[in-house]
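Note that the chains take the letters A, B, C and D in the order they are written out, and that residue 1 is the start of every chain.
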Amino acid sequence: MSPNRLEAFSDGVFAIAITLLVLDLHVPEPHPGGDLAHELATQWPSYAAYVVSFLMIGIIWINHHAMVRRLATVDHTILVFNLALLLSVGILPFTTELMATYLKETDGQSLAAAIYSGSFLLMSLIFAAMNRHILFAKAHLLSTPLDSDQRRLIITRGITGLVPYAVATALAPVSPYITLALSAAIGVFYALPVASAPEGTYS
Amino acid sequence: MSPNRLEAFSDGVFAIAITLLVLDLHVPEPHPGGDLAHELATQWPSYAAYVVSFLMIGIIWINHHAMVRRLATVDHTILVFNLALLLSVGILPFTTELMATYLKETDGQSLAAAIYSGSFLLMSLIFAAMNRHILFAKAHLLSTPLDSDQRRLIITRGITGLVPYAVATALAPVSPYITLALSAAIGVFYALPVASAPEGTYS
Amino acid sequence: MSPNRLEAFSDGVFAIAITLLVLDLHVPEPHPGGDLAHELATQWPSYAAYVVSFLMIGIIWINHHAMVRRLATVDHTILVFNLALLLSVGILPFTTELMATYLKETDGQSLAAAIYSGSFLLMSLIFAAMNRHILFAKAHLLSTPLDSDQRRLIITRGITGLVPYAVATALAPVSPYITLALSAAIGVFYALPVASAPEGTYS
Amino acid sequence: MSPNRLEAFSDGVFAIAITLLVLDLHVPEPHPGGDLAHELATQWPSYAAYVVSFLMIGIIWINHHAMVRRLATVDHTILVFNLALLLSVGILPFTTELMATYLKETDGQSLAAAIYSGSFLLMSLIFAAMNRHILFAKAHLLSTPLDSDQRRLIITRGITGLVPYAVATALAPVSPYITLALSAAIGVFYALPVASAPEGTYS
């Protein structure tokens, strides 16, 4: 299969998942004497979780392109890795709503936060594993060869990039707010022009 | 990244957001002796908000194409601008439902209307900022150079195009119906063959 | 704008609308002693309306391709016609659910059926008007010129193709079941290899 | 019509259906003293049905590509076969939710399981019939000719591939858990590098 077709299908899933996130935003039920401003304000976890997940999917889309662009052709194992990656992206509308629903609850908030940043960690882990598989096991499928230093650099960056997600997940029992803030910081960091997210760096 | 891939992904988000708007239309619960014609008629804010948002997404899609077509290549900052633009489009199914739900309510209608046209204003602001960034900071990425008069003309039109959205938003406290009518008028105006929406004009 | 980009965006909307139809199918609430087979069977209007709408969107997709393929380039008026066509397709998940919900109700069933087949009629009307506009007003944009006999033939077929939709809609007050059956018959007829839906025929 | 356009539209439907599956995952209602871990754990049928359906759509996407890639051009009958195939994919979010909802119910669980794996069987049947039609009735549309041995091999594999789906469906009255486990096993088997899903094998 050509990388173009893989990319087109994956882009479809990224685009749909990123747009479906909006279904996690709920219009407050109107009622007489209601205070819409207040009700919308209490929904801030939904907006925060929405923006963070939107950024995360946007970043993985950018990095996915960098990873796939290196390939001249795609084999079955790469397709299966890619399906696993898409699955981890496809569940984000669910984990995002879970986070938004439980952030301010006294029961379940830590678990929801751990699942939320855990889903980013999972996505990044699969991405790193797929990248490693491509760069080492499938080096003969690359369109332009990379020397082993370059490949090791990409993988090292990828593994280093997992640390903040792991920290965010590990801190969920301490405070789900810290987990959310850390996830937001990761997203903003990779969106900054300086970080410029060389794909290995990201995941 | 090539502009084609940016365009394909963005088109995906535009197409999904424009089609997801239909989830804001709700089939009235049937009940014995119910008057479906009447119940559908009372839902007119949903239809109006739907059509206006549909037009707005359609217009930004057309203009987005004109903006991206000028680029020979795409850098990280442009990608991030584009993500911000897509986010502002992605939330429209939510702001549309907000408008439709609150238009006839006594409490919250002004705020809902301000958020509704405010989301169009935000989308246009990001578009104008992105266009400005491309035409001035990233002029070296253009596929065919534009002289500074042409660039200034496009930007001036873009900023002028923000005015009606700002007015529609500012009038929300006066009457949400005026806001909706103004938004509709903007959409219809850009759809007219005469206006023909030279992309700079739009946003 | 190139016809390819118009086609890609339109295909996105067609693909999303056709897939969103599944949200009109509702899993029955489980309850002790419930009879799932019976409950699913009572939902047959949902399945019938789903299949018919699926066929209709599939057919308009095929015909849209034939129409757009003829164009060498696309101007603003064609874009606006196309947006109107996409809007008429984008509302089908709503009109389909309306039909499915009201088919067996005593109140509102005729109106729902009229809106259902009326939405197909609207879609076909816009398609015919767009085709007419392309073939006559925008003949200079065609990639290969058509003589006036060919053009008239396509348009005549298109207008003839509106008749069954108009009949299905007109018969809604008599019986919504007839409207549904006629709509299904139209869909199956165009799917038959014999009819082979030369695009002018369709709408 | 060119196979590329058929593929792009089909990929759109595959990508949307695979991503819409996430709407079958429901965030538990928070309540004081609730045990989120327990409530999520009781939802395991949803996760299992989600993953299996995700795999199935992923596999049919891979095989669809192999089938369409062989074609030089596409005729009306192939388009209609393809629409039928897309319909069988488009309903999977519904059958998946049906399975997840009823797996642990005492009433309806067998029927739900039969419909669930039956929808995979239907999808595979349509795929095999479409493949057979292309390889035999439409051999003149192939981009590179296949001798009759190759064609027969592909079809034989395709028909053999139906057996496990038929078995999974037939065992639903015995136990829906077996049906789910078998469906999962089929999905995992085709994802394995060894099986490598030569497209004929799959369906």
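Definition applied: a contact is a pair of C-beta atoms (placed from the backbone, for glycine too) under 8 Å apart; a residue touches a chain by one contact, two chains touch by 3 or more.
Keep in mind the model is a prediction, meaning the values are calculated, not measured.
Although chain C and chain D share one sequence, what matters here is the overlap of their interface residues, and that overlap falls short of half of the numbers used. Ranked by how far their CA centres sit from the centre of chain C, the chains are topped by A. Relative orientation of chain A and chain B, expressed as the C-alpha superposition rotation angle, is 90° to the nearest 5. Centre-to-centre spacing of chain A and chain D amounts to 26 Å, using the average Cα coordinate of each chain. Contacts with at least two other chains are made by residues 8, 12, 16, 20, 23 of chain A. Judged by the touch criterion defined above, the protein chains form a single closed ring in which each chain touches exactly two others. Inter-chain contacts, as defined above, occur between A-B, A-D, B-C, C-D.
The touching residues of chain D, counted against chain C in their complex, run 1, 5, 8-9, 12-13, 16-17, 20, 23, 76-77, 79-80, 83, 86-87, 90-91, 93-94, 97-98, 101-102, 105-108, 111-112, 115. Chain B meets chain C in the complex at residues 7-8, 11-12, 14-16, 18-23, 25, 27, 30-37, 40, 50-51, 54-55, 58, 61-62, 65, 191, 193, 196-197.
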